[in-house]
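Next come two complexes, and both contain chain A; in the first it sits with chain B, in the second with chain C.
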Partner chain A sequence: MDLKWELKEMFDSLVSAPKYHLALEGCLVMCVLWLIFHKSYRPEASKLTEKEKEELINEWTPEPLVPDTPADHYALNPRIVTSKLGKRIVIDGTDCLNLSTHNYLGFVENDKCIESAIKGLRKYGVGSCGPRGFYGTVDIHLELESRLAQFMGVEEAVLYSYGFSAISSAIPAYSKVGDVIFVDEGVNFAIQQGLIASRSKIKFFKHNDVEDLHRLLLEQADLDRKNPKKAKVTRRFLVVEGLYINYGDICPLPQLLELKKKYKVRMFIDDTCALGVLGANGRGVVEHFGVSVNDIDMICATLENAMAAYGGFCCGTSFIVDHQRLSGLGYCFSASLPPLQAAVALTSLETIEKDNSVIETLRQNCQTMHSFLENIPSVKVFGEPISPVKHLRFSNSTNDYKHETKKLEAVVDYAQERGYALTVARYLEESEHLLPEPSIRLIVNALLSDEEMRQSAQLITQSFESVLSLY
Partner chain B sequence: MCCRGGRRAMGVVLVWGMMLGGTPAQVNPNSLWLNSRGMWLSYACGVLVLHLALLSFPFLSVATVWTLTNVIHNLVMFVFLHVLKGTPWESGDQGKVRKLTHWEQIDDGIQFTSTRKFLTVVPIILFFLTSFYTKYDSFHFVVNFIALLLVLLPKLPQFHCVRLFGINKY
Partner chain C sequence: MRSNTQHMTNGCNGRATSGAPEVGVHHHKHEYECQGVTNGHVRHSSPPPAPVTPNGQSCVGRRHVHVNEEVPFHIILICYLSYVVLILFGYMRDLMRKTGLERNTNAVERDREGYVQLYQSFESFYTRNIYRRIRDAWNMPIASVPGARITIIDRLTPDYNNTFSYPGTKTEAINMGSYNYLGFAENTGPIIENVNNTIDQYIVGVGTTRHELGTTEAISQLETLTARYLGVESSVVFGMGFGTNATNIHTIVGKGCLVLSDELNHASLILGCRLSRATVRTFRHNDMRDLERKLREQLVLGQPRTHREWKKVIIIVEGIYSMEGSIIDLPELIRIKKKYKCYVYLDEAHSIGAIGPHGRGVCDYYGCDPNDIDILMGTFTKSFGAAGGYLAGKKSLIDHIRVHSYGDAYACAMAPLVATQISSVMTTLMGEDGTNQGQQRIKQLARNTRYFRRKLNQLGFILYGNDDSPVVPLMLYFLPKIPAVIRMAYKEGIGFIGAGFPATSLTTGRVRFCISASHTREMLDKSIEFMDEIGDKLEIKYSARRRSKSEIIY
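Right after this comes the complex of A and B.
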């Protein structure tokens, strides 16, 4: 009975509904019908007319799958090394003194490292065959991570299986589309790839020029003042290298730290060439300048240079570094470091921790070599005296990239014939942000004796002068 | 800038063909989950559950309950589809959709897809039902109509990626 009354009330009210309401409902019904029959489209799809599309198709010419490469391109004629890449290497049958690989502390032929590699091989086999998340984590990885964190004086370290991917996975893990990164112009290729992958706004400042960085930070502060809401969601980063592999010089860390604190940017340091080299105990550029490691947000490095192992790591506070265990692409989606390499890295670390005299030897060798090289009139040396990475160019070099490269290649060939292994610094010419001028990248290691360095300097003098006389 | 690069339609195809090998294009799950099997039915059931829950209050009249259902549904829809931006997870596309609301992310910005039509029609149907059950009372009409406008205007393609007065822009 009640239900029937309810329905009758409803029907009555429908009939006596206000006119505007019924009109509105009629409109809405029309809208719904229009909506149901409307075709779907993508908002920006219809930007080109048919004619423009035809034009574009007609003027397109396909690029060759393999671009033209000159027959004498260096990559087509590699020099083959048939021995250990230690103090001496056998290149194309010639036994040479190794002045070109990054074996700074000489651990490639270190007996303890070799022994731990063999022990690791017997215990763990040759590879881990899985990413860290899928059965690729071995106890030695965890041990190495905690030892690295302890060594660097930070809370946590994340281990990567490839040095290049340590920094190039770390940057895009934190910096995303709307963020700003201030980078030194002269950073290495791995950092450049990380910057591209991050899709952030990149602001390069002149190499080691703190004033230029200050100018950029002031500009950004201006923009932030004009748009505070946007500034609140913009993250700002500063990426530098400790020891620049392309230039051999050290970043001005104390001044950069001042700017970092003043303008509140997050600082990442790439200590690839500085680990095991700078600082009394080899802790990198942070120890070299004596600043507190807690001021740096994250330090990335490779184990492939001084540590003579394989892989890389990022270290810092747990809060920052732990993020990479899910967001670091090189960590999550690449197989983990072969355990025997982790064993080698552990041994290298132990060796440095027990006895840091090898680092002091390396530093003295670098300074000695630098003084020898400086005295050569035809050669200009670039890099700090204590840097093991030195760049050599002709004193009166021209701006002709190809010509200079050819001359330097001739120097390298001359030196190789006489038993000294040098190398021209190679780059992906089209992809580098700031292509350095051609140079010979000479690496000093701790195993060189004074006599060997003197003879190398003599040989370099001879090579440069003989090539100069030919060209 | 936020709406220029929509995901390629291939991305959607690649989700279903993920097993066929190769790395799939980074697909935003937010663009697809409302298309899933049973979503529309679940949505309707959800609204029904809300209505029944409100009906269980003995001191509310039928008209009030219907108006409340309509208003609460529209408010919740407005917040979840048109206020909250980005994704609650770390997407693999470097935060491309950081500034887009869920509505703008649905089907990667393609307008007038089935899901969008469904989500536009539901508030309208709810409005019809509410008007009927409140006997076309003018006060209820005003409240319900404002709620309806609140939830229909942001869905227009003209309002795609538009932020009025800079509210909710960043």
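Right after this comes the complex of A and C.
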């Protein structure tokens, strides 16, 4: 009964409804139908048939695996060394005074280091046969770690099996996609690789230019103000080198620290060249400027230079450094440092802890050498006087990278024939963020006598001048 | 759960089928059982050492056969449940620490107020509440050469693994954890004398790169020898195995190139690919069908967005997977590679020295021509008892790598003493030292491997990987069972390692044995006995397959 009544009422209202109302409803219904059934314009979906796919696959010709390599490239014609790489070095049969390997303190030939290497060999063999997690941790690794931490005045150090992998694994362990890294554009290649691996946003500031860094930090602060939510989760890092291997100069640490604290950026320092060199006890750039090590979030360095061994380490508070034991790729997934090399590093460390006079000798040698080199008219010398790493260029050098390199190579050859081992600083031209100008990287060590340095400077003068007369 | 069901193309090889009747419990329709556990009397026949047959068919002999057994569903379910419990307890304890009911022993950051938090929260939650409580099962320090026996330094923890102290005592243990496949981790013998002489000649440190002055005679000799050992034109060596992958892949691939990478590839390969900026696609572990399917798809699609065709396609695989124990299906891979004109990068970190009748890795194992592989990579850390890695192949390739490698240009050159260790081992393996030491070790390793795997299999454990693989992962599934097994083994004087999340997927926790040629039968038996006992105690004999009862002969 009810239903019938309702239907009738509906019909009545339909009949009595105004015409415009019906027209409107009709339109609406049409619209709905159109929306449901209309076909939007779709270009013919490009579905390939199996045959077409097969053709595509068959037609594909890949590029050759590698392009041709010029046969005269220096990497294919290396100079062969047949002796220890100590104060003297035999290259292709010529006995030379070594001014080119990073043996700053002369520990390569230190008797105690050799003794501990052999002792290590007799106890542990050569390889460690496993990563740190899987029985690759040997007592001497732990000892070296705690001694390094003690030496640097920090809570903890973590040891890597290769210098290159220390900083390049450490950066991506902390900095991830979306984070921001402020970095000096003159940093070494290992850092650059760490930056790429992190996939963070990289902001380069001009080499050792605090003002430029300030500008970038202000820019970032601006961005942060606009988007405080994002700023709250964006980690910020500042990465610099203590003593730049590519320039021989020292970072302006006190000024950088001021900015670091003001803008609350975490700071990582790569002290690869400064460890065992800068500061009265060789603790690197931090000791050089007398700043508190607690202000730096992490310091990395290799043991391959002044320490005359292998490996690298990162150190800082346990809160920060311990994280790498699970997240540092080069730490977790690589076999650990051969124990005998840890033994050598430990001995080197003990040697400078006991007697830091060798560091002072090195510093004096660096200054002496620097003053000799500065007096050569045909040579421009780059780097701090106290730096053992010095870059030499022709005083009338041009911007022609290839030509300049060739000239410098001629200098190296000339010197080598006369018993002095030099080397052109080698970079991968296509891979460097900022390719440094070509130079000869001269390394001063603590074993050189004043007389030897004077003679070296003379020989360098001769070499540069004879090459100049040729070109 | 991850299961790597392999599709065989050619059935089983001769040596495994003779005892076939009792195998073949069908868990899956397509699962062909060819486990070598069938019959202890089946002897191993060495494969033909034929590199290339006249008709261009390069691989003869073995076919790739192994099927990982799957575990019942209810185990997986309980496994997830155990994580739920772990996480609930974790949150509870976090709450207790926050409210001061429990003392907070975790490292806290000081003097960094206002800085953005350094760690993401879940990651540190897992480390703090789960990994921390079991971390004594890893990183055990040793005080000896990592040979067949090791001296483990005892650790005590007063605060549930937050800190460790060293009481000064040591435990002697059988070492089934180090990658000392051929037993060359030694501190006496002729090889060590050679190394000692090298130290006298070159000392230890080098302090320079290969592009500057790091090419010592020891290294250039090693490179010649490595090429000869592998049977290819040329090779280049690096001071770090991890770095060999991480700093060189960019020399062969770049933007516009496609990398097809096995999903379980090692971190160094993944990092190397990331640094190369090539496009990376993964395929299912050791699944050549999936590889072919993805490859075809990508060849049709071309580069993302632009659909330009790929410049080159490189397939990156490992010889033996160190966590899975699986051996790559090389013959099938070579077929695919040839058919589609791709290149293959083969990482033999674990397989070089460890398998093959001459110890020359997976090519040797399958009897394939090493020249069919475009880029051979391997490390010296494992079988050679040294450090570093190599890349080998055509001279044009190696020359290109030498010029463009980050490792050659910027990392410290390999230490001459390490080079000597490697050269000496290689000479021994090639029999050029005047002894048959090398051959003996290779045979011993194969023998030990088969014995150990068959025994454990017979006991009812689920082992992953190929029967010939000296890497033996034994599945526990549950994360908490890993430290339980390892702690008990440690008490018994047996050392091996475990792997759980995040190194594996959540539900495939495992312990792993690495067999060495230096293991004696007594050592193997002791480990097997121990596993038998503990297997019953912890109920970890998950296998549902039927077992042969016949005795397995060493």
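Simple rule for what comes next: the second predicted complex is superposed on the first by the 407 of 471 C-alpha atoms of A that agree within 3 Å, B and C clash if a C-alpha of one lies under 4 Å from a C-alpha of the other, contacts with A are read in each partner's own complex, and residues count from 1 in each chain.
Assume a contact is a pair of C-beta atoms (placed from the backbone, for glycine too) under 8 Å apart; a residue touches a chain by one contact, two chains touch by 3 or more.
In this text the structure is predicted, and so the values were computed from the model without any measurement.
Shared-chain residue A:Phe268: touches no atom of chain B or chain C.
Using the contact criterion defined above for the overlaid structures, shared-chain residue A:Tyr162 touches chain C, although it does not reach chain B. With both structures placed on the common chain, the touch criterion links A:Asp139 to chain C but leaves chain B unconnected.
Once the two complexes are overlaid on the shared chain, A:Met10 sits against chain B while remaining clear of chain C.
Once the two complexes are overlaid on the shared chain, A:Ile196 sits against chain C while remaining clear of chain B. The partner that reaches more residues of chain A, of the two candidates chain B and chain C, is C. Look at A:Phe394: by the touch rule set out above, it reaches neither chain B nor chain C.
Of the two partner chains, neither chain B nor chain C is touched by A:Phe372. In the superposed model, A:Cys31 lies in contact with chain B only, and not with chain C. In the superposition on chain A, A:Lys232 makes contact with both chain B and chain C.
Touching of chain A by both chain B and chain C, each in its own complex, is seen for residues 197, 199, 232-233, 326. Interface residues of chain B facing chain A in the complex, by the touch rule stated above, are 3-4, 6, 9, 90, 94-96, 98-99, 107, 109-113, 116-117, 120-121, 124, 127-128, 131-133, 135-136, 138, 141, 145, 157, 160, 166, 169-170.
Those residues of chain A lying in contact with chain C across their complex are 48, 53, 56-57, 60-63, 65-69, 71, 73-76, 78-86, 89, 91, 100-103, 107-109, 113-114, 117-118, 121-130, 132-139, 141-142, 161-165, 174, 188-190, 193, 196-197, 199, 231-236, 264, 266, 294, 302, 304-305, 307-310, 317-320, 322-323, 325-326, 329-330, 332-335, 337-338, 340-341, 344, 421, 423-428, 430-431, 441. Taken together, the chain C residues at the contact with chain A in this complex read 107-112, 114-119, 127, 131, 138-147, 150, 152-153, 175, 177-180, 185-188, 192, 195-196, 199, 201-217, 220, 239-243, 246-247, 250-252, 266-268, 271, 274-275, 296, 299-300, 309-313, 340-343, 374-375, 379-382, 384-387, 394, 396-397, 399-404, 406-412, 415, 417-418, 421, 495, 497. Considering their complex, residues 9-10, 13-14, 17-18, 21, 24-25, 28, 31-32, 35-36, 38-44, 172, 176-178, 197-200, 229-230, 232-233, 326-327 of chain A touch chain B.
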